[in-house]
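As written, the chains take the letters A, B, C and D, and residue 1 is the first residue of each chain.
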Amino acid sequence: MARKEYAFYPGCSSQKGASASNYLVSVESMCKTLDIKMTEIPDWNCCGASVSYAESGELPRIAMNARNFALAETNLPGQDIVATCAACWLGSRESKERLEHNSGLMADTQTALKEAGLQIKVIPEIKHMVEVLIEDLGYDELKKPVKKPLQGMKFAGYVGCQTNRPFGISGESFENPMYLDRLIETVGGEAVKFDQKVTCCGGALAFSEPEKAQGQIKDIIEAAYDGGAEMIVTPCPLCQANVEVYQGQINKKYGTKFDIPVLYYSQLMTLAYGGSAKEAGLNGNVVRARKLEEFAGK
Amino acid sequence: MSDMNTQMAERYKNNFLKEIEEQAEMGEWVKMCMQCGLCSGSCPTNFHSGWDHPPQEIFMLIRAGKREEVLNAQGMYMCTSCYNCYVRCPRKVPVTHVMHGIAEYAYRIGRAPKTQPTMHLSKTFWTNATKNGRVNEVQLTQSLYFKDGISAGIKKAMEMQSVALGLVKAGRLNLLEAVGIAHKCKDVKGIHAMLAKAKELEAKRKEAKA
Amino acid sequence: MTSVVATNQTILVVGGGISGMTAALEAAETGKQVVLVEKNPYLGGRTVQLYRYFPKMCHPTCGLEINLRRLKANPRIQVLTMAEVTGITGDKGAYNISVKLKPRYVNENCTACGECGKAVKTEIDDAFNYNLGKIKAAYLPSSMAYPQRYVIDSSIVGTADGEAAKAACKYNAVDLGMQEEVVTLNAGAIVWATGWQPYDATKIVYYGYGRFKNVISNVEFERLADPHGPTGGKILRPSDGKEAKNVAFIQCAGSRDENHLRHCSRFCCMASLKQTHYVQEAFGDAGKSTIYYIDIRAIDRFEDFYQNVKANPNVSFIKSKVARITEDKDSNPVCNGVNVEGYKRYATAHDLVVLALGMEPSVKGIEIPAEVMSDSSGFIMADPANAGIFGAGCATNALDVNRAVQSATAAALRAIQVVNKVARAEA
Amino acid sequence: MAETKTAAYICKGCEIGTRLDTAALVKAATKSGKMNLVREHDFLCSADGVAMIKNDIENEGVTHAALCACSRRAKTEAFNFPTIAMSRGNLREGVIWIRPDTDEARETTQEMAEDYVRMACAEVKAMTVPPGNQKTGAVKTLLVVGGGMSGMTSALEASKAGYKVVLVEKSSALGGWAAKLYKRVPTREPFKAPEDNGVADMAARIEADSNIKVYLNATIAKTDGAPGRFKVEIAVESGAIAQEDIGSIIQATGFTLYDANKLPEFGYGKSANVVDQAGLEALAKTAAAAGKPICRPSDGQPVKSVVFIQCAGQRDNSGKHLPYCSGFCCNTSIKQATYFKDSNPDIDTVVLFTDLRTPGNGEDFYRSAQNRGVVFSKGVVSQVVPNGNSCTVKFKDLILNEDTEAHADLVVLATGMVPVSGVNIDAPVVAAPVEAETAVEGEAPKEVVATIAPESILNLTYRQGPDMPQFKHGFTDSHFICFPYETRRTGIYTAGPVRRPMDIMQAQEDATGAAMKAIQAMENAGLGKAAHPRAGDLSFPTVRLEGCTQCKRCTVECPFGAIDEDEKRFPLFNESRCRRCGTCMGACPVRVISFENYSVNTVGAQIKAVDVPDEFSEKPRILILACENDAYPALDMAGMNRHAYDPYVRVIPVRCLGSVNTIWITDALNGGYDGVMLMGCKHGEDYQCHFVKGSELGRYRLSKVGDTLKGMNLETDRVKDIEVAITDMATLPQKINEYAALIKSFPPSPFKGF
């Protein structure tokens, strides 16, 4: 019997072979160490993400999320839903809020759900993985299993947008949240001064407005270097991907020489807990985190 | 579609504010803006490159009844959903959602520019995500690149080759998805039925308002 | 042991700022017995920490001098400093109040000769100057301080420094054995004039107060401009002591904002307009001021003042709520935002940014030890349910000095109405 | 009164004893001071020292005491002997703290101290304890002029405190402006819904209040007397005159809206569909009464669209209209906009403003209007063009930065307040050219516009005019930030919009404060006590009429209009109007005016008491007459901060520069002083003189001293007047030293030794 159990909502990007698959790998290792049991919501579906606004319309988007609620509630009663992806978390929480504050919307949603043979009784709590770590466990608990502190390594804690706004982690400010820095310090790393920690990476506009998005990404990476960071750490799959994979293109366009690894907090924790490079999903990083690979090897 | 536009224009005569309040998601917040400009100043894309009409100005245009300017504006498609404006607005206007709402409305009445890349993305994403209940990233990417035809697509794909390659190597891009071998929900049928119903009800609600 | 003479015909005034002093003086000069309770070691409140008043550009200490002379000449007012009301029982016409007196460690023998200050080595934060400087741990809060009596900071009591202070005093004025005491007194009516506090600027995170040295508050700027402030009246920015010739004023820093203060704080527009004069006064045409605003609220004849500032080519106005402050390589604060008049984006570096912080009631911070109706912002409302307790000055609303004094004068009458009724009943 | 016994006390505490030769000080007090009793004490302000003095008063019969210790501003609780005449020799802040502790300095410092001891002795001997005037009246009835919200509030609040009130209203009903309102701006949270105007309730309470006597259709025909003994004649409808004995007066005569006919460009008068805020309230009332929506005056059709134009004829710097902001109109327009939205949300309601001014909780009201769908646009209106039953409003949209227009069935102009303050007694009368030339700057005859003088409201019989002096833009406000109820007519207070533009809520608060002051004025008048800023002062000016030349300077100059002229054209002092500033005393060329505790003699004696060394000593003497309100405290604080200044100056505090009689200056110069420096408060538009005109009048007088100096053929620079603020503690010593250096550059005064 694990000390904590949750209904897990991995989200599309975290699936095997998908763009954030290594996030999933590291989260699984991390949870193993922390004795957290994550049971995937059976047959969960996409949250719609904020970018789908134009086509979806409000009700269908909410119905999608409601379906996940219903599935979780029926199959994993009494368990909070935990998402690792910022967009999934935001989409779910927003839907929960609107449903709970708008009975008309709730009624329509139920009608729609009936088509899929489902219904909602109570909507479970929606948590981000980070909330589980910080609020349900706490920094002290997270520190205990640390076997190999990431001594002397400098990280820029890049929180980004949607893990932080509009809901954010309780007790943290939207403009200068500290939890990621604290997580870094908890596993023995150094969190550098980083004034772009909540700057937007361009999100989905990385596809549709590459110039604008890459401009923003450039600012973020430059700030990380300015702060003396060797690596960037983030809790968000889209941030991770955007900041990591476009470095080559940005170098081409702006003549910069960016080559900075972008990792998930869960990867750092896995390593600090003594996990292997593989368990931390380091092989999933496009910009290889050599320093961490060596560290894991030792 | 564009007759939908004229219908609406007809129905609301010169009261564009009312049109937005009733038809656009969160449109009822437009009237609460006090023109401080905090949203415009907080917007990352606007801050970075600027565009024709930032949020607060779009709100003013709506109140001034400037239907054409608003429906032709680029602003609402520039939202990255970063929620800076949303959390800062001193009037607690959910600016992010209002902008999405206006964009969605423009699209619904056929006024969103056909070539608007973000709208295309939005549409593609939703179609892709709802087809099987989960996103097929490869097909999503493909359909995005090839939106302007094969050649343009290949050109883009070439530009992005390095990126794609990197992802494949890292095991984060499963080319099999291209041919549809991808993650799916089991109850796709149910999902589609649910969405059909949702769309139907949504339309009803909009009607009821007007 | 402090003794207080008070009856049900006495009026208790809580708060010795300009509102409390006014209420106390107006009542006493009408023949009423008054007890005035102030938590600081001195009277005058926030006004004495201002360099000048708008729109006259006169000095607050000038009015304080008159009020102090009225006070000294009036035997009907008993002043208790370093005192806080801890309990109120009873009802209109017959209240029983307990007041906690913190030890000053200096008794009435003190002649303010200053020998103890010379003897003491320890330095503490200069609260009077919003901690922008340091002072000795045995100090006279300001040259205008009343009572004109030194204070020994509790931090040096029981230390060699404390003993040094005691030894330096020829008049047995230093009493390190002084204990906190609680006195109880009667009153028929209570005037609650505990004033205001600037909104906590660190809560407006995107302005970087506390992170950027050169982002300061409007109240701090008053001390910088004041010849008796920490910089001797030179407008020098905190980071490097460089003259701040290019100053930005950000209006509604906290006010008119549902994420912070819902109300408009009324005084901040005029305060910033006034402070542009400080910049002009210090640097002439080399001094440049920029005011970022939503609406300039210069009401009634203050409009003249606004028009004069507007006519000054060295002052510019931008209709915009600054969205974010960043810092450039030379630690200049950079204001980022959009000028909404015609949509112009800007990212402008200044030497110094002054946040026009809004006003929130001090009562919000403290518990009024009695049932008193206050609004959702914490301001005391005029409400029959408050019985014989009446708010005055900025404890009741966001007011400028002039209106605060008006409010306090009105409060004095309300209190007198109660004690006169008591008097008629007792007669 | 018991026979005079004088005593001097020399304190040795705070290093006075170690820095100075106190034995010599005792000698000075005994020999030159000629005090009956002289004592030293190590620590005069201690319980023991105070007991010693008390004992001397009670058992030795001391009636006059010179306390030579610290400044008169220090240790006031300890040195509190109300029954005797007392002076303070400032040996600490005034001597040892502003002098370096060096051997070179010792001699001059000692001389300084001895002079201050002599001066304190001389001063106290010239003083007597004021007994207070018993003749002043003790009427405790309040007169309130004006029955609007402010007036009604003052009346009810005063009554609640147990005072009788006479309330005079010129119209046939109570309520004033508020009665014209359909509803008033909300006064309580959530500040969303307009409230009942509240007039009926208040009128009823006044009706039922036995303390309040109401005159309707009545005006003030004559106001004679002074606080505590006003005789007021009230002209009532029948034409008869009613007499009332009054203790103090509140003028709450309110305002009228700025005349919209002066705004033809906004279509007022051209179209019935352009109204001012009063017009809109009337429409709203009629509509409500008929249970109909608000309709267009032109054709009685319901209004479908309305535009509010803020600051119409206000905040105008062209000189054509009102320069100020009336403060209340933004909230009023918001309120009026809700009239429309609440009856029919589909009515287009637009407010055009440049700065929306809703201070305090008004912000909530503003939001609530937006929430109702009222559209607010930042724009400047250039023109309103009536066409048929609608209007076109042309304006520049400042946000969208374009010239545009709006169409409306109804246009409401927010025209603002004009105070009803009666006759402007300071308005320059159309003067003969000769005088015009000599007219004071800023009062050029061109400003004299030939308009019909408004009718007087109070009809005061005061020599200085029938109404309250006006401050700015015709409002009778106080000029003081710290003292909003400061008045230039003791015992007469204005309240509400006549004093300053304000909304109803503020007006009611203001009216309550005014009632406080008016009650206070009655109480103190009865006791012969002065009002602010010398509150409680029992002294009052006495005049030796036999010496009076009827020059009228005192009656003209008194900043408070306290002095009239009797039928024989002699000055007639009204003590309870007097503020004890001494301006009359300073103005009197024949020096027949004095106070018991402050007179030509109390200061003159000090001047003479100073030991003036001969011309060979190279020790000049410089007299400083310093305003006790600002300059003297600044000098004190210079001492507290150990800023040294020249040892040859001798400082005498004066009540106000206005009280400085030029005889003091000529006496000093004749007595061999080498220079005289005067320190007074700022005058002019932002004057800081607590007696309003005191420092200005004083300076005007001093400007004439130049001739005297020429007459004595002395350098005119020997007399210098400087403006001092209380914060000048650091700069003041420099100014003194610079001046002293200048004096030393002159040859010694030729009048020494005479």
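Assume a residue touches a chain if its C-beta (ideal position, glycine included) is under 8 Å from a C-beta of that chain, and two chains touch if they have at least 3 such contacts.
What you are looking at is a predicted structure, and each value in this text was computed from that prediction instead of being measured.
Number of steps on the shortest path from subunit C to subunit D, with steps defined by chain touch: 1. With every chain reduced to the mean of its CA atoms, the largest distance from subunit C is reached by B. Of the two interfaces, B-C and A-C, the higher number of touching C-beta pairs belongs to B-C. Work out the mean CA point of subunit B and of subunit C, and you get 50 Å between them. We define each chain's centre as the mean of its Cα atoms; on that basis subunit A and subunit D are separated by 66 Å.
The geometric centre of subunit A is 46 Å away from that of subunit C, both derived from CA atoms. Spacing of subunit A relative to subunit B, judged by their CA centroids, is 23 angstrom. Residue positions of subunit B with contacts to 2 or more other chains are 34-35, 57, 87-88, 91. Shared interface positions of subunit D, i.e. residues touching 2 or more other chains, are given as 378, 399-400.
Annotation for subunit A: residues 174 touch two or more other chains. Remark: the chains found to touch one another pair up as A-B, A-C, B-C, B-D, C-D.
Subunit C makes touch with subunit D in their complex at residues 18, 25-26, 29-31, 53, 56-67, 69-70, 72-75, 108-109, 111-113, 140, 143-144, 148, 170-171, 226-228, 256, 262-264, 266, 295-304, 307, 319, 340-343, 375-377, 381, 397-399, 401-403, 405-407, 409-410, 412-414, 416-417, 420-421, 424. Contacts from subunit B toward subunit A in the complex involve residues 25, 44-45, 48-49, 78, 80-84, 86-88, 94, 96, 100-101, 103-104, 107-108, 112, 117-123, 125-127, 129-130, 133-135, 137, 141, 144, 159, 162-163, 166-167, 169-174, 176-177, 183, 185-187, 190-191, 193-199, 201-202, 205. The touching residues of subunit D, when paired with subunit C in their complex, are 13-15, 43, 45-46, 70, 73-78, 80, 157, 160-162, 188-189, 315, 317, 323-327, 355-364, 378, 398-401, 472-473, 475, 477, 479-485, 500-502, 506, 509-510, 512-513, 515-517, 519-520, 523-524, 532-533, 535-536, 629-630, 633, 637, 640-641, 682, 686, 688, 690, 725-727, 729-731. Residues of subunit C that touch subunit A in their complex: 205-206, 211, 326-327. Subunit B contributes residues 15, 17, 31-32, 34-35, 57, 60-61, 63-64, 66, 91 to its touches with subunit D in the complex.
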